[in-house]
Amino acid sequence: MKDIVVFGTGPIAELAAFYLTEDAGRRVAAFTVDSDFATGPSFGGLPLVAFEDLEARFPPEGHDLFVALAYTQLNRLRRAKVDAGRARGYGIAHYVSSRATRFSTFEAAENQFILEDNTIQPFARIGRNVTLWSGNHIGHHSTIAEDAFIASHVVVSGGVSIGARSFVGVNVTIRDHVTIGADCVIGAGALVLRDIPDGSVLAPGGTEVSKVPSHRLKRI
Amino acid sequence: MKDIVVFGTGPIAELAAFYLTEDAGRRVAAFTVDSDFATGPSFGGLPLVAFEDLEARFPPEGHDLFVALAYTQLNRLRRAKVDAGRARGYGIAHYVSSRATRFSTFEAAENQFILEDNTIQPFARIGRNVTLWSGNHIGHHSTIAEDAFIASHVVVSGGVSIGARSFVGVNVTIRDHVTIGADCVIGAGALVLRDIPDGSVLAPGGTEVSKVPSHRLKRI
Amino acid sequence: MKDIVVFGTGPIAELAAFYLTEDAGRRVAAFTVDSDFATGPSFGGLPLVAFEDLEARFPPEGHDLFVALAYTQLNRLRRAKVDAGRARGYGIAHYVSSRATRFSTFEAAENQFILEDNTIQPFARIGRNVTLWSGNHIGHHSTIAEDAFIASHVVVSGGVSIGARSFVGVNVTIRDHVTIGADCVIGAGALVLRDIPDGSVLAPGGTEVSKVPSHRLKRI
C-alpha cells in the first residue's frame, strides 16, 4: 500500500486522516491544499504542501491521494480535486469503515468515504466519490450516483435512486422506489414520498420552542 | 441442517436466498410459488416449482420452507403460506442476521426475517413470522406480535406493544409505553405519542419541494 | 474488578444488572434504594438493601456503585445518588456496551450508561453520568455535558453542544454546530436547526390518525 496524501485542512480532513490511520491501517504522509489556502508548513503534525507542487515532495509513484472535502459547490469542488489528482497520475484512495455493514455485492470506488455503522444492503450500488457519513441505511437495489453526499441516519429505502451531486441531510427519510434527481438539496429531517426533479430543494422547518420552560413541566 | 426452499420470486425472495446463503450458511435448493405465478422452470439460477407440487421434488424430509413475501394483504398472505407449509409437514426456517444485536433473552421463531443492524434489547419479545427489516430499535420490555412487518430505522421505545399484522414504515418513531393495535398501517416518518386502536392508519405528508432551486442557494 | 451494587429497582436497574453481567462480565452483588422505597429483602434474585445502610453489608472496599435511574428531576436525582455514593467512599462504575462504536479518542467517565449500537465519532466528548440509550449518532467534535440523557436513534451532528442535564427524546435530529443549553427537554421526533437556550422545551405533536381504517386501503 502506498502512503496517502489527504487533500484538505478542515475537520473532514482531520477525520479522514484519523480513520485512515486508526481503522484502515494506512499511513498518512502529508496534507495538501491549494497554495492560497496553505496557511503554514504543517497541519495535524504532518507536512502541509501546496497542491500545485505536490509531486516535488510526494510523487504519485509513492503516494495515493484522498480528497477530504465536504459538499462545497454541491460536491463539485471535491470532484474537481479528484479529477485533477488522477490526471496528474495519483491513485485515488477510498475509505470504507471496517464497521460498515456490506455484503459481497458491494464494490468500492475511488474517493468513497463511507463511515462507521452504515448499512449497505445487498444489490445496492454506490458511485465513486460518494460520502456516506454515519449510520445510513442504503436499501437493496438502490443506487447512489457519483459525487453524492449522504449525511447520517438517512433511510434510503429499497429501489431508490439518488442523482449525482445531491446532498441528503441527517435523518432524511426516503420511501421505497423514489427517484431523486441530480443536484438536489434535501434538508435535515425531510420526508420524501414522491419523485423529485433535478435541482430540487427540500427544507423542513425546525420544531418551535414551547412557551413553557422545562422547570414548569410536571411530568419530568 | 436441511436445505431450504424459498417461497416467492420477488426482490424479497432474492434477498432471502442471498442472506440465507451468504450470512447463515444455509443451502437454498429451490424457489416455489403458486402455480399461477410460476413463470418458468427456474429463478435466480435455481429450480422454480409450483407450491402445489412441492413435495414431489423437494419433500419435507429433506427441506425446510422459508416464506419470503412482503406485507401483501397486511401480512395475511405470508402467514397463510407459512401455515400451509407447516400443515404439509415442512419445517419453517427463520433468518436472524449475524449482524443483528440481540441478547440471551431473545428467542427466534418460525419465519422471522430479521436483517442486519437491528437492535433487539433485553426482554423484548418478537413473535413468529415477524419481519424486522434493517436498523430498527426494539426497546426493552416491548412486544411485537406475530406477522407484523417493521420497515427500517423504526424506533420502538421501551414497553411498547405492536399488534398482530401491523405494518410500520421506515423511520417511524414510537414513544415508550405506547400500545399499537392489530392491523394498523403506520406510514413512513410518523410520530406516535399515544395509543392507537386496531385498524388505524397514520399517513404523514411528505415535505414540500421549495420554490428555490438548488443553484440559487447561497450557502452551499 | 470489584463487585457492583446497582442503585434502583425499576426497569433501568433490571437492564443495568443484565448488561453489566452478560456483556461486561461484572458481578452484581445487590440492589439498593432509599429505605422508603425498599419494598422487600430482594430484587431480581439478589439482596435489596437500604442505601442508608449499604456499608454494613456491601462496603466500598469490595464494591463499586452504579446508579441506574432515568431522568427524574431532569437527571438531578441520578446525579445526587452518584455524588452521595462517591462521598461515602464508593467507586462509581460505568457501562459502555461492547457493541458501541467508539474510537481511541473516547474517554469513559463515572456512571456513564452507554448502550449497544451507539456511534461515538472521533473527537466527540461525553461527560460523566451521561446516558446514551441505544443507536445514537454522536458526531465528531460534539460535546454532551454531564448528566444528560440521550434516548435512542438521536442524531447529534458534528460540532454540536448539549448542555448539562438536558433530555433528548427518541429520533430527535440536531443539525451540525447547534448549541443546546442546559436543562432542556427535547421531545421525541423534534428537529432542531437553531441554538436553543437553557431550560427550553420542544414538544412536537404526534401524527394524526387517518379517518380511513386500514381495511379500506387499496394499496396494501
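Every chain is named by a letter (A, B and C) in the order it is written, and numbering of its residues begins at 1.
We adopt the following convention: contacts are C-beta pairs under 8 Å (C-beta built on N, C-alpha and C of every residue); 3 or more make two chains touch, one makes a residue touch a chain.
Bear in mind the structure is a predicted one, so any value in this text is a computation, not a measurement.
Interface chain A/chain B: under half of the residue numbers present appear on both copies, so the contact uses mostly different residues.
Between chain A and chain C the CA-based rotation angle works out to 120°, given as a multiple of 5.
Mean C-alpha positions place chain A and chain B at a centre distance of 30 Å.
For chain C, the set of residues touching two or more other chains reads 117, 135, 153, 171, 204.
Those residues of chain C that touch chain B in the complex are listed here as 11, 14-15, 18-19, 22-23, 99, 115-117, 134-135, 151-153, 169-171, 188-189, 204-210, 212-215, 217, 220.
Taken in their complex, chain A has these residues touching chain B: 71-74, 101, 103-105, 117, 119, 121-123, 135, 137, 139-141, 153, 155, 157-159, 167, 171, 173, 175-176, 183-185, 187, 190-194, 196, 199-204.
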